[in-house]
Amino acid sequence: MDDVPSIKAFELPLSVKSNEPVNDEYRLLVLAAPHDILKRCRAGQFFHLLCPQAGGETPYLRRPMSIYGFYPEKGELHFLYKVTGAGTRALASLALGDRLNVLGPLGEPFTIADDWQNLVLVARGVGLATLAPLALEANRLGRKLTAICSARHPDYLMSTDYFASLGADVITLTDAEGTSDLDNLEKVIEGLIADGRADAFYTCGSNRMLRLLQIIGERRGIPGQIALEQQMACGIGMCHCCVRPFNRGDRQVHLRVCREGPVFDMMEAIAW
Amino acid sequence: MDDVPSIKAFELPLSVKSNEPVNDEYRLLVLAAPHDILKRCRAGQFFHLLCPQAGGETPYLRRPMSIYGFYPEKGELHFLYKVTGAGTRALASLALGDRLNVLGPLGEPFTIADDWQNLVLVARGVGLATLAPLALEANRLGRKLTAICSARHPDYLMSTDYFASLGADVITLTDAEGTSDLDNLEKVIEGLIADGRADAFYTCGSNRMLRLLQIIGERRGIPGQIALEQQMACGIGMCHCCVRPFNRGDRQVHLRVCREGPVFDMMEAIAW
Amino acid sequence: MVDLSVDISGLKLKNPIMPASGTFSEDLAEVFDLDRLGAHVTKTITRGWRDGNPTPRVCEVNGSMLNSIGIPSKGVGAFIEKVVPFYAHYETPLVVSISGNTADEFATLCSEVSVPGVAAIEVNISCPNIEEDGKAFAIRPSSTHDVMRKLRAATELPLWAKLTPNTGETSEVARAAEEGGADALVVANTILSMAIDINTRRPKLGNLMGGLSGPSLKPIALRMAYQCARATGIPVIGCGGISTVEDVIEYLIAGASAVQVGTATFIHPTIMLSLIDGLEDWLSNQGLSSVKDLIGTVIDGEQDEAVVFMEAAP
Amino acid sequence: MVDLSVDISGLKLKNPIMPASGTFSEDLAEVFDLDRLGAHVTKTITRGWRDGNPTPRVCEVNGSMLNSIGIPSKGVGAFIEKVVPFYAHYETPLVVSISGNTADEFATLCSEVSVPGVAAIEVNISCPNIEEDGKAFAIRPSSTHDVMRKLRAATELPLWAKLTPNTGETSEVARAAEEGGADALVVANTILSMAIDINTRRPKLGNLMGGLSGPSLKPIALRMAYQCARATGIPVIGCGGISTVEDVIEYLIAGASAVQVGTATFIHPTIMLSLIDGLEDWLSNQGLSSVKDLIGTVIDGEQDEAVVFMEAAP
């Protein structure tokens, strides 16, 4: 048989190497994963996790989680997650040696166009989980990266060391220090543009940031990509529950976050 | 308010003191129980146990278990059970210190009429669990007791030492030794009758034994009681799922095993 | 202090928690003080004596249960003589559930149980009507309307109509019950189901089929409670799968004025007490002074009426 | 070697396991070799372009789920151009699910999708019929019969009628579908349900209500499969809550000739493969040489016909 798609996503139980808090909101889950799965992973893709029964709760549907890190050499797959409900509570209960059934890698990854030499990554909170592996890719391709990391409080700034270790310029903005408002963010970004350090934007998660980046992008002609979230059932494109609207030319189209996304053209995305 | 029934059954979580195999089919579960609950227990009554989630299985309804022993002095409540399905598998997973939600004591106990001086207890397998506390009661009342214990193999004979320690004469019959057939049982019982050692029969569980005892009882004018089983939902008389048919005069009536039983008049019971 | 009382078409209940028919009886008085409940609801009775269905009458299915008890009944005489006086010892109002094979027999029973001590009659129109090929009255709006009119004429007591989920016409049946004279709707009874033992190849119930109750039923019965509250002007009493205080709140928000708790009582005989206490706590944490402020507060305003009453396209 | 093949009114399937409509697509080919399945069943399409329902389109309920996807559809043209050729790469027969707002539109679509490469047409008559107050065709025997006759006239291909649990007349609807020309029945679609977020007081689905699928649905759909197998002479394809090989066996014993697996694929995308293997193992352990020896072997002989077709008294 020809023209039949090849197998790209795998359902398999992985064993837990560690699952430690990063601060009092976020935890890092490290799974032992086979080399050939890790080799297929790309920044921006996600896995669909089958959370265990825990504490009398039985999460039913899988939960989507961005790949926070993938290390074929070490045989490790990392997720950075925030405990919000039954599924993530169950994830938090996983201990060394437990098995977690994962499905992936799934979705369309970030792309870095040849002429995007200076990348600007703008993220807040758990959005960093999604954008982090992009820094690795940028480093591999020898692109310059500026990471603008926003959080409520300096204690919740994650991954800044990680970004710095990959050669990125890190700019931190926090509510506590009064530096994270949109006006200031705009100033910071305009500063980068003025310095010729912004060929493309990468963002995720925040509605207000998206709107600001779209305005700046439009004004300055700078493209970008955004990773979006939506509730998912199948995670592989079958059920059409994860759609979001996008502007395509003069029409609105509905695209599946799990399949056409989670990474989309920043200018086509519609703020919610 | 007057004429309102008093509280007789209690729903409460008890902690596990031990839960060990007795042989490769049966286990003994010992719970720590409050004195005032234990004081209310009577031989023949049962508790309705809320089995925990275990091994991916979630037993939903409670499971009825006869009181195997109740020791107000030691603060202990004992159950002897056979692992047969999801509920008893879950019971088997209980460990020291775990909590088990129980409801009870429930049902009508065995009675020992004043002129029943010589009691004969006929049981097979897990039926012993139900009849064991009767031995204690007989001993307390100074009645003579003969315990006829039947099993597939001598290894599965349980409680014989227990019966003997309470001053009972113990007669063991096993399939392995070829002594457990009905003909032999009949001979043994007729021997007891001839010796004036059978004023009343107590039995439980086996259809064939019931039929034999009814025939002998009829022939010899000896009364008896039987503890019966039926699937239960509520365990306290509300749902009418646990009915069995009984002969009452020239009519058949349906009685609730959880409420009018589990102990019934042996002659009224209908073999199944 | 939170006011938990609700008003079911003139019948005042001290709180909105009551048992569901068939999952409650005098026997529960040996477990807790029945006067704490909002109402007492008896197992359905028929006029004459009935035996009920063959055993096994219950089985488990995936964290819920099936039952085919049938309606074993000692008849109306024994009921009035023994059961009604029992409940006279309590302040909590007594609601008597009745059923009949034909509309006329049903109505006769309805007038027979309209005796002092009975506060309301719950009419279980989810039972087979032998004049309609054995279909339950509440499967069709027409048979619902007919039987309700006869029942209405037979008593002065408040009439609560208990609906079935075994229909594709919930809103229409609810309206037919209202027009036929129901003072309240109890939503809903069990849904017809089956389970087979793969080892013996026999149905797990003696009666082959039976009704599904417990958590699996909740989303279905909640949908019906919402539809009935939207479709009629009479109080709705939600019933189906309630086992947590969150479930109670969900029904009240959907539009139910009170709720009935069935199968959960088999699992935790004292659960109705926990639900009363839990509801009071939740309301007080939310700063609400009366449960009435919660009832029907679902935010569905932006939704098309058509969506509410039409079948959803799967 | 166990023979797993079954025959659905002349269409031979290599095994009785296939996906349920709306829970399967070409995308699954990236997870396993689709040629292992007994059949391929597409998401329901409509003639024209449709957007589907507002989000959120799914939510969890107690170990099961609700969905109100609606039927987003690119229309029949795009379907024939893109989807049908995709499946031509497989030996497994392609079953196309279709739906329409009116019987005539439905029939037109039916003839339009009767193209080479399509082995059978599954008609989703569980969708609202705007000529019947928005009730699904399969809620009533009469609308079922009417639409099936028009569909029958529109194609030579085998017609599988997909029934809804939102009815009190399963047996009658099944017979109406058979008389109307159905070659097989798919039993069943989702049951209308609801869930409300008690914190926001908003329905958990953008469309207010949606269909319940997954384990909670199983006892209901199994009962319907049994009723349909008893009521008609055409093959029944069981569907609803199947997630273990025991579930598959239960449906086959109840009388289903094959089964569809829906929601379980969302939880375990490769589950259909495990079910095929598990069924083969179970049959061989039982000493059965063909799955056909299992179908319809439920022991219900002592039961009154009346019990089977009447509603059970709750």
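Every chain is named by a letter (A, B, C and D) in the order it is written, and numbering of its residues begins at 1.
Rule of thumb we're sticking to: contacts are C-beta pairs under 8 Å (C-beta built on N, C-alpha and C of every residue); 3 or more make two chains touch, one makes a residue touch a chain.
Model, not experiment: these values are computed from the prediction.
S.K.: Figure out the least number of contact steps between chain B and chain D, where 1 means they touch directly.
M.R.: 2
S.K.: What chain lies farthest away from chain C once each centre is taken as the mean of the Cα atoms?
M.R.: So the farthest one, by centre of C-alpha atoms, is A.
S.K.: Using mean C-alpha positions as chain centres, tell me how far chain A is from chain B in Å, no decimals.
M.R.: 61
S.K.: If you average the CA atoms of chain A and of chain D, how far apart do the two points sit, in angstrom?
M.R.: 37
S.K.: Distance-wise, how many Å sit between the C-alpha centres of chain C and chain D, to the nearest whole number?
M.R.: Result: the chain centres lie 31 Å from each other.
S.K.: Please report how many Å separate the Cα centroid of chain A from that of chain C, as a whole number.
M.R.: 49
S.K.: If you look at chain D, which of its residues touch at least two other chains?
M.R.: Only 22, 62-64, 67, 69 qualify.
S.K.: List, in ascending order, every residue of chain B touching at least 2 other chains.
M.R.: Residues of chain B never touch two or more of the other chains.
S.K.: Where on chain C does chain D make contact in their complex?
M.R.: Going through chain C, the ones touching chain D are 22, 53, 61-64, 66-71, 99, 124, 126-128, 133-136, 139-140, 164, 166-169, 189-196, 198, 200-203, 207-212, 215-216, 218-220, 222-223, 226, 241, 246, 249-250, 253-254, 297-300, 303, 306-314.
S.K.: Of all residues in chain D, which touch chain A in the complex?
M.R.: Of all residues in chain D, those touching chain A are 22-35, 43, 51-52, 55-60, 62-65, 67, 69, 72, 89-90, 214, 263, 265-270.
S.K.: Touching chain C in the complex: which residues of chain B?
M.R.: Touch residues, chain B against chain C: 1-11, 50, 58-62, 101, 103, 230-231, 233-244, 254, 259.
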